[in-house]
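What follows is chain A paired twice: with chain B in the first complex and chain C in the second.
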Partner chain A sequence: MLAYALRRVAASIPVILAATFVVFLLVSLTGNPVDRLRLLDPPPPPEVLAAEEQRLFLDQPLLTRYWLWLSGILRGDFGPSVDEYLQIGPEVFSRFAVTFRLVLLAMLVALVLAVIVGVVSAVRQYTVIDYTSTFFGFLFLAMPSFWLAVLLKEGGVFANNNLGTTVFYTVGESSVVVEGGFWASFVDGLGHLILPTIALALINFASWSRYQRASMLEVLNSDYVRLARAKGLRWRKVMTRHALRTALIPLVTITALDLANIIGGAVVTETVFQWRGAGRLLLDAIRARDVHVVMAWLLVASVAVVLFNLLADLLYAKLDPRIRYD
Partner chain B sequence: MTDPPQQVRAPLPLADQPFAVTERTQTQLVLRRFLRHRLAVLSLLVFVLIVLFAFVGPLLWKYTYFTSTPDNSQPPSLTHPFGTTGDGKDLLALVMRGTQQSVKISLLIAVVSTAFGTIWGAAAGYFRGVVDAVLMRIADLVIILPILAVAAVLANSSDGAWWMVSLVIAGLVWSHVARVVRGVVLSLREREFVEAARALGATDARIIFRHLVPNAIGPIIVAATVLVASGILIETALSFLGFGVQPPDTSLGILISEARTAVQTRPWLFYFPGLFIILIALCVNFIGDGLRDALDPKQTRVRQ
Partner chain C sequence: MRRGLTVLVALALGLTACASTQPTTEQQQQGQTATSAGFAECPKAPATCNGGQRRQGGQLVYALEQQWTNWNIDSAGGNLLYSAQALAVLNPGIFNQTPDAKVQLNTDLMESAELVDPTTIVYKIRKEAVWDDGTPISVKDLEYLWRVTNGKDCDVAKCTPYTQAGFNQIESIDSPDGKTVTVKLTKPFAEWQALWQQSRIYPAHIAEKAVGPLDNEANLVKAVEFFSKTVPTWSGGPYKLQEYKQGDSLVMVPNPRWYGKEKPSLDRLIFKIITDVPQLPTALANREVNAIYPQPQVDMVQQLKQDQNSNFYIGPGLGWEHFDIRTTNEFLKDKALRQALFTAVDRQALIDKTVGQLAPDIKPLNNYNLFEGVSPHYKDVITPTGAGGGDIEKAKSLLTEAGYKVDPDGLVTPDGKKVAPLRLRYTGGNEVRKVICEQFAEMVRPLGVTLKVEPTDDLSGTLGNGDFDVIIFGWTGTIFPFVNARQNWSSDSASNYSRWGTKEIDGLLAKAVETADVAAASDLLNQALEKFAAGYSVLPIYQKPTVIAVNKDVVNVRNNPTGDGPVYNAKEWGLLAQ
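Moving on to the complex of A and B:
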């Protein structure tokens, strides 16, 4: 299993490298970040501009720049940012720590909801429950994530105004000043997570519950479930031990494949709730044409996706006894 | 729901009796199966109406999306059915323009990425081996990157022209089609008619475009429909973030972005554009479902 995991990681390295190369070329071709300084009035002296270009490797040819970036990564150096005082490495990781909190919690909520709703509507096929969940599934599938996020945020503000106290936090990932110790800041962080998590979870829950319903239906109609019932096992036991276990397998793959898009969705959700997370970092970097920040961002995101897919594959073997990795 | 067998009136001698069942072409069969899917037909109708609203509406409506009227922040009324914005623009005209841009962009996304993905996937599935491995690894590149993030990076250099936004998004979603087509072609290429074509001396290009792609048309059309729905959601999200269509032009995403602080004071600005996005995506999804059932009856779980 370990050998398999290592082989998988090794195989994904060229894919990540190629992706970074393409993105590096494209971002570099979109424009020169130093041009912004040239527009200043009065323009800075040419020596300053030249020094800035040299600091950002802009005086080098494109391929050399990519090589400088890549060799820097191997040494743990993410390269210079347009903002002279920004340490890209620590900044990217601390911002992603905030974002992954949201992403993982939203995935968890969406998964639990999707499994419950999918299984219930498969077991109770063509009942009111099934039709209701199908309706909401299609609705959330068609709903733009940012629209839902704004709606939830305004709903939170509305509830706060009517109740006279702050029940839902609608701005930022944590309060500016938190009094009390670790516990107080934990509760504060959790409070800020509620609405963004719901917004991000509902969108993904929609398609996952459809998958779960389909795979549960397929399993319920299979021979081995019928056999398990026929040999006298309890219904509840058949459902959990035989049916659900197998029906979860497709969802594991779908979840892992969707991670990249959930991170994309988190960028939108964070924008709506004004978080200082990875989303804001990326959007600011794109506007400033800050190549190295964009590259560090995409590198962290793509490595996360690759590792997550690997985890899903290993989980596969746990769920399905027919799969073995040697 | 099978048709009653046609009755032959005058009993003819058996040998002269005409074949009693009218022949139907593949297209007719698909059409009949699609028309039986009521929700899909209704969705198609609504979608056509929305397209008319977006493309013909602006020609008929008295206001345009760029003219300001003296009425600022008016709630919906007879003169302004959708109300007006803070700077006195008629929201109905804005929504028409926004819908037009969003529909145009998502249709182009579907066309470009389907065409490209089909060729890519067909080549990978047909040639197999090294070609397959290389082509599909390239297609994998797109999966490990968040589409929205990369689209924002790429669209930043463009000036927000609608076709540029389309091409950027199409460049990131085509791999889905490629994967579907590859799967179908992998099994089709082993069939006898392909062998026959090869025996007759058909070139690879001819086999791919004349024999394989037409036989894979069902899954391709369904994938294209799905792309229209996801295309409109990506485009509006991109415009919402400020990287898609640029003002003074407008899109449904921009309208919602501008309305997000006014949800409670001027709710019409927020709800109308959102309603149109949901309606379009919902209709396209239902049309896709109907097409899937019509083109690929094997996949239908529910028999009608």
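Moving on to the complex of A and C:
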């Protein structure tokens, strides 16, 4: 298993390298970040612009710039940012910590909901419950994530106005100043967490619940489940021990493969809710043509995706005894 | 066309400029019955509107739209609109730019500042003016900024000032007592009031403590870096920074050593960074922020209109939109064709179809640097040229007189060439600019000229590379117009994207900068601009509006279109007394 994991990690390195090269080219070719200064009215002295281009390696050929970035990475240096005093490494990791907090919580909520709704829908196939969950599943699937986030925010403001107090917050991970100790901070944090978590969770819940329903239906109609019922096992035991365990396998794979999509969704959610996470960092960096920040972001995100996929494969083997990695 | 209609519909939704100032049922339920006077008086009294009696205490959250890591707003990397607003409450300036677009002496800091002769300025700093550690604000602070900016004491590439304007004309700075400062200029400078105003004053003694004596280039470079990467521990303004969360917020509390007459009433002034502009109205409605000052967008205005707990105001800004013609183009190098294009375009119609429905007062702009109602020296330099009036027949006759053959199927030049389609570019995603360009293209179609409307995702690159035939973009105006005018319209300036100019205009622009008397300098500037307008290379369209919105219990926060922005009077900001 360990040898397999190492082989998988080694195989992903060229893929990540190729991705970094392509992204580096694309971001670099979108324009010169120093042009922001040139458009100032009046612009800074030409010597200042030249110094800035030198600092950002923009006076070097494109391939040299890529090599400078790559060799810097090997030394743990992510390169200079357009934002002169930004330490890219610590910034990217702290932003991803915020994002992963949101992503993991949203995944957890989405998974729990998806499994419950998927199983109930399958067990109660073609009933009102099934039709209702199908309706909402497709509704959330069809809904753009930014729109859902905006609707939730408007709903939050409406609720606050009617409650006469602020329960739901629409910007940031916490209030700037919270008075009242730990409990007040906890409640404040929760108030900031609810809406973005729901926004991110609902989008993924929608597709996952459909997978779970289909998978559960397939298992429920399989011979071994029928046999388990026929030999007199209790319905609950058949459901949990025999049917659900098997029906979860496809969901594990889908969840891991969806991580990249979820991070993509987090970019939108963080922007709408103004969380200071990796998503906002990426968008700000793209707007500023801050190639080194984009590259650092890509590196961390792609490593996370590779690791999650690996984890999915390993879990797959754990859940399905037929799978063996030699 | 369909998109244009969409924009019109969206614009039309924002017709009503100011929200009601009556308290809502919800507010009454929440005990927020006190509401400010609102912005109704702003058109007549821009410097006093939304005024009111403040109560002691409370906090006010003001939204900023950009984060930064460079704290030195006098450096090229740190001179950002938003950091400048936050730091304005810590780093004083000699003058203030007020909402009525006037330059006013900062009487908290200064006793006086006078131009005693065309090349001598005498400043008197109040003896009460101190940094928050008790160190007097003095000549040392002024001298530090001069040394890192003048290009002589410190190489410009190393000290990276965002502007050298005027500082590179200072010959000497002397002071017998540290508080009375005599500045000698090598030649007169029309914008002498911009010195230590647009570039703010930093505490030299703190830099000196950190890097050593500021009498050599190496230490000056270190001082610039120190101020760039050090989160301010100092204050010479009404507030001081208590807490900074990187990229998220700055919490300011009253400076206990504040020497000004007006004391802050707030317990806390918070600058909250919200980088996605569309999220601001919701945050304001939810009272997560109490004041916002974003670039106006049609959807935003609609949202603000629905917010019963806030007031908003759309006022004139100093940013302005214009068409630039690239005069190096094979066809557009001919003045007759440029003149015909600008004569055919109807600016009022362009405005009416777009921003005019957002703010009905917007009229075509008729000067490049001096704005009507802002500068007493404003002069209409566009109307006499006949540009922007939408006179198609005159445009046709101009072309005919110049030897062109006007044919709706294609304009033919005097030497028999058919004028090729010209690329008219705008910033992708900017619907207003897109509609304006589409309308412009329609207006010149009867001349036989085809304008192909194309977006660009890289405005600065497009401008810098001259990758356009005609383009629409904006400049940010200022109440210090002379240096900008020289920069933007001189024939050899990289910022003159039309690439048209004359030595005579260059001379007038340079002379205006070096004329101490503002009236005389303005006269020279107007002369230059009249000649520039007659070149038909740049056509001003309109002044862009600004929008400010505040919760109804917020007082003394108001629109200030100048470079200082609304924070010019942050010491007076507060919550309305019940």
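We take it that the second predicted complex is superposed on the first by the 312 of 326 C-alpha atoms of A that agree within 3 Å, B and C clash if a C-alpha of one lies under 4 Å from a C-alpha of the other, contacts with A are read in each partner's own complex, and residues count from 1 in each chain.
Everything below uses one rule, namely that contacts are C-beta pairs under 8 Å (C-beta built on N, C-alpha and C of every residue); 3 or more make two chains touch, one makes a residue touch a chain.
Given the structure is predicted, the values throughout are model-derived calculations rather than measurements.
A.B. asks: Which holds for A:Thr64: it touches chain B only (first), chain C only (second), both, or neither?
C.D. replies: Neither partner.
A.B. asks: Is A:Thr170 touching the first partner chain B, the second partner chain C, both, or neither of them?
C.D. replies: In the superposition, A:Thr170 contacts chain C only.
A.B. asks: Of the two partner chains, chain B (first) and chain C (second), which one does A:Leu257 touch, if any: first, second, both, or neither?
C.D. replies: first
A.B. asks: Tell me which partner A:Thr30 touches in the superposition: chain B (first), chain C (second), both or neither.
C.D. replies: Both partners.
A.B. asks: Which of the two partners, first being chain B and second being chain C, lies in contact with A:Val272: first, second, both, or neither?
C.D. replies: both
A.B. asks: Would you check which partner chain A:Val48 touches, where first means chain B only, second means chain C only, and both and neither mean what they say?
C.D. replies: After superposition on chain A, A:Val48 lies in contact with chain C alone.
A.B. asks: Kindly classify A:Leu282 by the partners it touches after superposition: chain B alone (first), chain C alone (second), both, or neither?
C.D. replies: After superposing on A, A:Leu282 lies in contact with chain B but is clear of chain C.
A.B. asks: Applying the touch criterion given at the start, work out whether A:Asn160 contacts chain B, chain C, both or neither, answering first, second, both or neither.
C.D. replies: second
A.B. asks: Check the residue A:Thr132 against both partner chains and state whether it touches chain B (first), chain C (second), both, or neither.
C.D. replies: neither
A.B. asks: Residues on chain A in contact with chain B in one complex and with chain C in the other?
C.D. replies: Residues 30-31, 154, 157, 271-272, which sit in both footprints.
A.B. asks: Would you pull the chain C residues touching chain A in the complex into a rising list?
C.D. replies: 26, 29-30, 59, 61, 67-70, 76-79, 151, 155-158, 160-165, 228-229, 245, 247-249, 251, 268, 270, 272, 274-276, 279, 282-283, 285-289, 457-461, 463-464, 475-478, 483-484, 487-488, 494-495
A.B. asks: Quick one: in the complex, what on chain A touches chain B?
C.D. replies: For this pair, the touching residues of chain A are 12, 14-16, 18-19, 22-23, 26-27, 29-31, 138-139, 141-147, 150-151, 154, 157-158, 214, 217, 257, 260-261, 263-265, 267-268, 271-272, 282-283, 286-287, 289, 294, 297-298, 301-302, 305-306.
A.B. asks: Can you tell me which positions in chain A touch chain C when the two form their complex?
C.D. replies: 30-32, 35-52, 83-86, 153-154, 156-157, 160-162, 164, 166, 168-172, 175-177, 271-274, 276, 280, 284
A.B. asks: Which stretch or stretches of chain B touch chain A in the complex?
C.D. replies: Residues 137-138, 140-141, 143-150, 152-154, 156-157, 229, 233, 236-237, 240-243, 253, 256-257, 260, 263-264, 270, 274, 277-282, 285-286, 301.
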